[in-house]
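So that you can tell them apart, the chains are marked A, B, C and D in the order they are listed, and the count of residues begins at 1 in each.
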Amino acid sequence: MDKLVFDIAHLLAGSVLLVSFMMLYQNRLSALLNLFALHAVILAFSVAWQAHLQDAPHLYVTAMIALFFKALFIPLALHRIVVRLNIHRQIENVVGVGPTMLLGMGLAALGMLLMVRITPDSDLLGREDLGFALSTVMLGLLLMVARRNAVSQVIGFMSVENGTILAATGAKGMPMVVEISVAFSILIAFIVIGVFLFRIRERFDTVDLQALDQFRGEQG
Amino acid sequence: MIAVPWDAETLVLLIPLTAAAFLAVLPGYRLTAWLNMLASLLTLVCVLALFILPMPAPTQFLLIDDVNIVFILLNSFVGFTTSVFSASYIGHELHTGRLTPVYLRFYHAMYQVLMFAMNLALVSNNIGLMWVAIELATLTTVLMVGIYRTHQAIEAAWKYFILGSVGIALALFGTILVYKAAQPVVGEGMPGMVWTVLMAHAAKFDPATLNVAFIFLLLGYGTKVGLVPLHAWLPDAHSEGPTPISAVLSGLLLNVALFAVLRFKLLLAANPQAIMPGPLMVMLGLASLLFASLMLYRRRDIKRLFAYSSIEHMGIITFAFGMGGALANFAALLHMTMHSLTKSAIFFAVGHISQVKGTQKIADIRGLTETHPVLGWGLVVGVFAIAGLPPLGIFTSEFLVVTSTFAREPLLAVALVAGLVIALGGLLVHLNGIAFGSPSSGTARSQASYVPLFAHLALVCAAGLYLPPALVSWFRHVAGRLG
Amino acid sequence: MIIDLLTQGVEMILVLAIAPLLTGFVRKVKARLLRRQGPSVWQPYRDLLRLARKEVVLAENASWLFRTAPYLIFAATWVAAALVPTFASGLMFSWAADLIAIIALLGSARFFLALAGMEVGTAFGGIGSSREAMIASVAEPAILMMVFTVALIAGSSQLSTVARFMATAEAGLRVSTGLALFALIIVALAENARIPVDNPATHLELTMVHEAMVLEYSGRHLAVIELAASLKLLLYLSLIGCIFIPWGMAASGGGITGYLIGSLLYLAKLGVLGLGLALFESAIAKMRVFRVPQFVGAALMLGLLGTLLLFF
Amino acid sequence: MLVVMSAVAVLLALPVAALGIGARRVATVLVYGFGLAASLASLAAALGQLLSTAGTTPAITLPLGLPWIGAHMRLDALSAFFLTVVDLGGAAACLYGLGYGRHERAPRRVLPFFPLFLAGMQLVVLADDAFTFLFSWEFMSLASWALVVADHHKGDTVRAGYVYLIMASFGTAALLLAFGLLAGPEGGYGFAAIRAAAHSPAEASLVLALLLLGAGSKAGLVPLHVWLPLAHPAAPSHVSALMSGVMTKVAIYAFVRVVFDLLGQPQWWWSMAVLTLGGITAVLGVLYALMQHDLKRLLAYHTVENIGIIYIGLGLALAFRAEGLAPAAALALTAALFHVLNHMTFKSLLFFGAGAVLTATGERDMERLGGLIHRMPVTAFAFLIGCAAISALPPFNGFASEWLTFQAVLQGPKLALWGPKLLVPSVGALLALSAALAAGCFVKAFGVTFLSRPRSRPAATAGEVDRFSLAAMLLFAVLCLLAGILPGLVIDTLGPVVGGLVGQRMPVQSVEPWLTIIPIAASHSSYNGLLVFVFITWAALTAAQVIHRWASHALRRGPAWDCGYPDASPLTQYSASGFAQPIRRVFGTVVFRATEEVRMPPPGDTGPARLEVVVKDLVWAVFYAPVAKAVGILADRLNRMQYLTIRKYLSLVFLALVILLLALELWL
C-alpha cells in the first residue's frame, strides 16, 4: 500500500515536472498555453491525491482551484488575448531550445539533489514531492527568463506558482492559511496582470516587453 | 470583554482598514486628505498606547514584542508625517491634472490599505500571515506607482509587479520550506507557522531544509528590500509614483521587508547546525552598497537618484544586521530609523522641488539655495544627513557600523568605507548642481507644507546630537535580542 | 665685561673697515693677473665715499621699502659678518647666532635685495631677482649641508666651538671636511656673484644677476649696498678661514697679544684666500645662467655626501 | 573648562541669531563681535591652563552623542596648546571679519557657518573620546565646506567644495577605521581606554598609516593635498586664514594626539614614513606655490609646504622617541609645535593681507596687481613681515622654529638604526631646499603684488582697507616678531605639552642669559633672536644716521633708469610667471614635466610669437585621475544595469538564486 501510494504521488509530481520540461521545449504560444493547462490539470490531480492521502479535505479546494481556474479559465483567456493580438504563431525564444533544455536539466538535478540528499530523516514522500516542486519552480523561472513574450512570462510565473502549490501540498498538514493565500495570489495576480495587459495593449498594441523597455526611465 | 492591550494591537490594524473603506467611497479630496491624516494619527496614537501598555501575550496570529514594536512605531510615525505631507502635496497634482478626483480617492484608499498591510506584516506572529501582508503591500504599491498612467509609470509598475511577484513566489516557497522543517518537530497544523513556536523549537529543525528555505526567503524578501541584484524595480518605482509614495516606499516598505528577512535570520541563528545567515546578508549588503553608490553618478532624475541612495542604505543596514553582535545590530537599528526619517524627508523636499521647478530632471534644477533658500538648504541638510555627515543621526550609526566592523573584519570595513565615500561623491556631485550655481527658472513658492520635512530633519539632527538614554537602552535591548 | 664688549666692538669695526680693502685687493690682483695696472686697492673706499656724498636719484614709483632696503641689507650682512669669528673665537655675542642663523641672516639680506630689484618694476630688476632666487634656492641648501657636515664633525653648529674644535688634532683630516670645503667654496662663489656664476664687473645686461638687482640704486643707497656686498665677500672668506684654517685664532679673553697675533694671522688668511679667488676667477670663464644650478647643485650634492659620509 | 565650553556654546548659538536678524550689518557685527569675545574668553582659559602649574587637567562629560560613551571633553596641556592656536587664529579672524565681513555679498552664506566652524575646531581639540572627536572633526569639515562654497556662482568654487568634501570624508573614513581599530570590537571609544589598551605592533602600524591618510589629508600632506589649494582660496579670506592657519593645525593635533599620546611607543620605521612624506610635502608644496600666480592659491600651497616642515619635526621626534632619545625627541617635537603656532600666525596674516588686496582691488591674480605698497602701505608692511616670517628669515618666528628643526636634524647621528639615521640628513637637505625656495616664492609674491608698477586699473586705484582688518594684520605682525625674538618663552610654554608626550621637555630657556635659546647645551648651539633683532635695528639705524649726518641726504625723483630703456608699459615688467621661470626650468622639468613651447611666426609674418608653458600636475595625474577615471568607467559600465529589460532583471534574480543554491549544494 505504502509503495503504491508513494508511486502514485511520485508519478503525479514527476509528471508536473515533465510538463514543465515540455513547456520549456515548446516555443509556440498556443501550444504553450495548452501545455500549461495540462500542467495545471496534473497539479490538480496531484493535489487531490495528496488530499486523499493526508485526509485533508481542504486540499480538494485547492485542487479544484487549480483545475478550473488555472487549467481552464486562464488558458482560455490567454488564448483569446493571443489570438486577438495575432501573436499565436510567434516564436519568441531568447535562448535556443537546446541550451534551455540543458539548463533545465541542470536546474532540475540541482533541485532534486538539494532536497533528496540533505533530508535523510524526513519522510520520503514529502521529500520527493519537495524536490519536484523545487525543480518546477526553477523551470518556471527559467521559462520566464528564456522567453521574450509577456504571455509566456505570465505562464512561466504561474508555473512557478504551481510548483509552490506542489510544495505546499507536499508539506503535511500545512494549514489553511496557505491555500487562502495561494488562491488570493492567483486571483490578484491574474487581475492585475489582466489590467496591465489591457493597459499595455491600449497603449502599445503589443505585449512584447522590448516595446516597454523603450521607456526605461532616464532615457526619455 | 476584550482586554485593552489586545484592543490597541487590533486597532492598529483596524483603523487603517476602516479608513480605507471610507476613503474609497467618500468624495472630495480635502475631506479625504484630512481623513487620511486623521486615520494615520489615530494609528500612531494606538501604537504609542501599545508602547506604553504592557505587552500583550502572543496569539496564533498576532505578536507584539520588543523587536517589532520598533518597526511599528517608526512605520506609523512616518506614515503619519507622510500623510500630512501628502495632504498638502496632492492637491497640486489635482490642479495640474496629473490625477483625477477618482484616482485621488483611489490613492487615499490605497494609502490606508498599504498602512494596514505593513502593520499587519509587522505584528503578525505567523509566517504565512506575514507573507500575505507583504504581498498585499506589494500589490498596493504597484497600483500606486502606476497611478499617473504615463508610459513610464506603467512601465515602472509593470517591472515592479513582475519582479515583486517573482520575489513573493520565492518567499512563499521559502515559507513552505520553513513549515516543512518545523512540521516534524512541532507537529502538523497551525503551530508550524507560528513565529513564537518556531523560535522555541528552532534548534531541533532540520538544518538542511532551513538552509534552502533561507536562501529562498532572503532572495524573496530581499527583492522587496531592494538588495542588489534584486533591486531593479526600486529606482523606477520610486521615480514614477507620487512622491509621498516614494517616501513611504523608501522609508517604510523596505524596512518591513527587511524585518521579514531579520525574522528568518533569527530563526536560522537559533539553529546551530544551519548555515550562518550573516555572511550572506553581509555579501548582499555590501554588493548593494557598492553598486548603488556607483549608480548614483550617472543619474538624471532626482527621485531615481535618491532611490539608489535607498538601495545603498538598505545595503548598509543589511550589512550591519549581517555582521551581528550587539553593537552592529544597535547601529543597524539606529541606521534604519535615521534612514527612514531622512529619506522620507528628502522625498518631501524632492516633492516640493519638483512642484516648484516643474521637473524631476536634475539638469533642470539649479541654484536652489538661491531661489528657495529654505527648501534648498533643507535638501542640503537632508543629503548630508543621508551621506552620514554630522551633526546628523546617520553619522552616529555609520560610526558604529564602521568601527565595530573594522575591529572584526578589516577588509569588509574598508570596502564599506569605500562605498560610503563613493556614495558621498555621487550624491554631492548632483547636490552641487541642484543647490548651488546660477538658479534655473521656476521661482514659485511651494504650496505644500514644510512642516513634515523639517520635523524629520530636526529629529535626525537631534538624534545626531543626543540620543535619549531610554531610547538607547531600548534599542540595545532589541539589538541584544537580534543576536 | 667691558673688555669683552670692547673686543666684540673692535671685531665689528674691523670687519666693516677691511671689507672694502679685501674687494680692492681682489680686484687689484685680478687686474695684475690680466697684466693691467688696475685701480689702487683703496679704490673701493674712494668709490664708497664718493657715492655716499652724491644725491640719490630715485625712480618715481620707488616706495619706502626701496629706501630702507639698503640699510636693512647692510645691517643684516654686517651683523652676520660680525658674528663670524675672525681673529678670536668665543667673543661676547658669538653665541647670539650659530652658523645656521648666520646663513639665515644672509638670507634676509638677499630677500630684501631681491625685493628691491622688483621694486621699481623694470625688466632688469626682475631678471636679477628672479635669477638670484633661482641660484639661492640651490645655494642655500648647499651651504646648509655644509653646515651640517661641519656641525656634525665638531658636534656643534656654534662657529666659535667649531673653530676651536677644528684647530685641535681631533678634527683630523676627513673626506667630509674636504667635501664641505668644496661645497663652501662653490657657494661662496655663487653667493658673492663671482665668476663663473656672475661677473661682478659686468654691466652686460643679460648676464648679470647681482648688478641687475641694484641697477636702480644710486648715491648713498648704492654705497651701502656695495659695502654690504664687500662685507659678504669678507664674511665668506672669514668663514672658510674660521672653519678650515682656524689655527692661530685667539680664544676669548686671550689678551692683547693673542688678539694681535690672531688679527695678523686673520689678515694673512684673507690675503691668501683673496689671492686664490682672484686666481680662480681669472682662470675660468663665466657659465650660462642655466648651468649655474648644476654647478651649485654639485655643491649641494657634495655637502649631502659629506654629511652622509659622517654617518659611516 | 567651563569658560571654554560656554564659549563653544555661544559660538554654536550664534548662527541662530545670525539668521534671525534681518539687518546684515547688525548680524555681521553681532556674529564677529560675539565670536571675538568667545574666542578671547576661550583663549584666556586655554592659556591659563597652559601656564598653570597646578597640574590639574579639567575634564567634563556631557550626556550627548552615544549615551554609553557620552561626550568627553578634556583640556590637557596638548589640547590647551592647540586650543590656544585655534582661539588666537579665531579671535583674529573675527576681528578681521568685523571689517572684511561688510564687503560680503551674501553674508547669510557665511555668517551662520563661521561660528560653527570655530566651534567645530575647538571641539576637536577638546574631544576626549573617539566619537566626539570624529563628530567634531567631520562637523568642522562640513562647516568649512559651507564657507568654501559661499561664493557658489563660480563653477570653480563649487568644484573646489566638491573635491574638498570628498577628501574630507575620505580622511574621516580613514580616521574612522583607525579609531575602530584602536577601540577594538568592544567599542572602548574613550581616549583613556584607548591609551590603556595594548596595541599589537601590526595594529599600531596600521593605525599610523590610517592616520597619515586621515589627518594627512586634512593637513594637506602630499599626495593628499589636492583639495587644499582649491578649497582654501575659494573661501572668504578670513575663512581661508582659518582653514590654512588653524584647521590644518587641528589636523596636526589629531596626528600628535593619536601617534604620540594614544599609540604608545613608536616603531622604528614610522619615522621614516613620516619624514619622507614630510620632506616631499615641504619641497613639492613650495614648488607648486612657485608655479602659481593666484595669490591665495600660492599661499595655500605654502600651507602644504609648512605642513611638510611640521611633519618633518614630528618625524624626527618619532625617530628619536623610538630609540629612547628623549631630549632630542623633545627638541624635535617642540620645533614642530612651535612651527604650528608660527605657521598659524604668519599664514593667517598673509591670508588677511591677500583678503585686503582682494577687497581693495577685486583681484587675486598677481598678474593683474602691482604697486600696492603705495596705495596700501599698512597692509604692505604687515604682509612684508608675514613674508619674511614664512621665509624663515631671522629675527622672525618662522626662523626660530625652523632653526629648532635644524637643530633636531643635527641630533640625527645619535640614532642607532641606519634607516632613520641616513634619512635624517637627506630630509634636512629637503628642508633647507624648501626654505630657500620659499624665500624666492615670497619675493615673487610680495614683489609682484605690492612692489613694481600696477598691472591693471583696479590695482592702480586701490585704497587701504578698514581698521579692523588692519588691526588683525598688525596684531599678527607683532606676534610674528615677538615669537621670533622671544622664542624662549614659547619653548618654555610648550614644556609641559612636550613633557607629557615624550616624557621629557627641552631645557628651561627663561633662565638663560639674554633670553638665548639653547636646544641641548650652550656649547652646542644657541640662538638669540632678541639680540639679532637689536643688532640689526641698531646697525641699520646707525648706518642711516651716519650717512645722513656726514654724507648726503639729498634726494631727487626721476624716471626709472632701466639701463636707459625705460618702457612706459607695465607689461614689460617681470610677471609672476616670468619670475618663476628659472626655477621652473631647474626643478619643474622633472617635477611637473613642465615644457615650454615657443611658436615664432615665420619671417615676414607680423603675427605675435607665442610662448606656452605646460605644467602637469603629476600628483593629480598619478593618484587622482585614475581613481576618478575608474569610478567614471565603473559608473558608466554599471549604468547599463539601469537600462536592462525586465527579462534580464529576472535573469539576475534567477542567477542569484541558482548561484546561492549551488553554493549551498557544493558547500554542504
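The working rule: a residue touches a chain if its C-beta (ideal position, glycine included) is under 8 Å from a C-beta of that chain, and two chains touch if they have at least 3 such contacts.
Worth saying up front: this structure is predicted, and the values here are computed from it rather than measured.
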item	value
Remotest chain, subunit C as reference, centres from CA atoms	A
Pair exhibiting more inter-chain C-beta contacts, A-D or A-B	A-B
Centre-of-Cα separation between subunit C and subunit B, whole angstrom	78
Chain centre separation (subunit A, subunit C; CA means) in Å	98
Chain centre separation in whole Å, for subunit D relative to subunit A (CA means)	68
Chain centre separation (subunit A, subunit B; CA means) in Å	31
For subunit D, residues that touch 2 or more chains besides their own	642, 646, 650, 653, 657, 661, 664, 668
Where subunit A touches two or more other chains at once, by residue number	114, 118, 141, 144, 153, 212-213, 216-218
Where subunit C touches two or more other chains, by residue	none
Chains touching one another, given as label pairs in label order	A-B, A-D, B-D, C-D
Contact footprint of subunit D on subunit B as seen in their complex	158-159, 162-163, 166-167, 170, 208, 211-212, 215-216, 218-219, 223, 229-230, 232-233, 235, 275, 280, 291, 294-298, 325, 327, 367, 369, 373, 384, 387, 389-391, 395-396, 398-400, 402-408, 410, 413-414, 417, 420-422, 424-426, 428-429, 432, 436-438, 465-469, 472-473, 476
Interfacial residue positions of subunit A with respect to subunit D in the complex	94, 107, 110-111, 113-114, 118, 138, 141-142, 144-145, 147-148, 153, 209-210, 212-213, 216-219
Residue ranges of subunit D in contact with subunit C within the complex	370-371, 373-374, 377, 380, 384, 388, 391-394, 399, 403, 406-407, 409-410, 412-413, 418, 421-422, 425-426, 428-429, 432-433, 435-437, 439-444, 446-448, 451-453, 514, 516, 522-528, 531-532, 535-541, 543-544, 547, 551-563, 566-567, 570, 572-574, 578-583, 585-587
Complex contacts: residues of subunit C adjacent to subunit D	49, 52-61, 63-65, 68, 71-72, 74-76, 78-79, 82, 93, 95-98, 100-101, 104-105, 107-108, 110-111, 114-115, 117-127, 129-131, 133-134, 136-141, 144-145, 148, 151-152, 155-158, 161, 205, 215-216, 218-220, 223-224, 289-290, 293, 300, 303-304, 307-308, 310-311
Touching residues on subunit A, where the partner in the complex is subunit B	114-115, 118-119, 121-122, 126, 130, 133-134, 137, 141, 144, 153, 157, 160-161, 163-164, 167-168, 170-175, 177-178, 180-182, 184-185, 188-189, 192-193, 196, 199-200, 203, 212-213, 215-218, 220
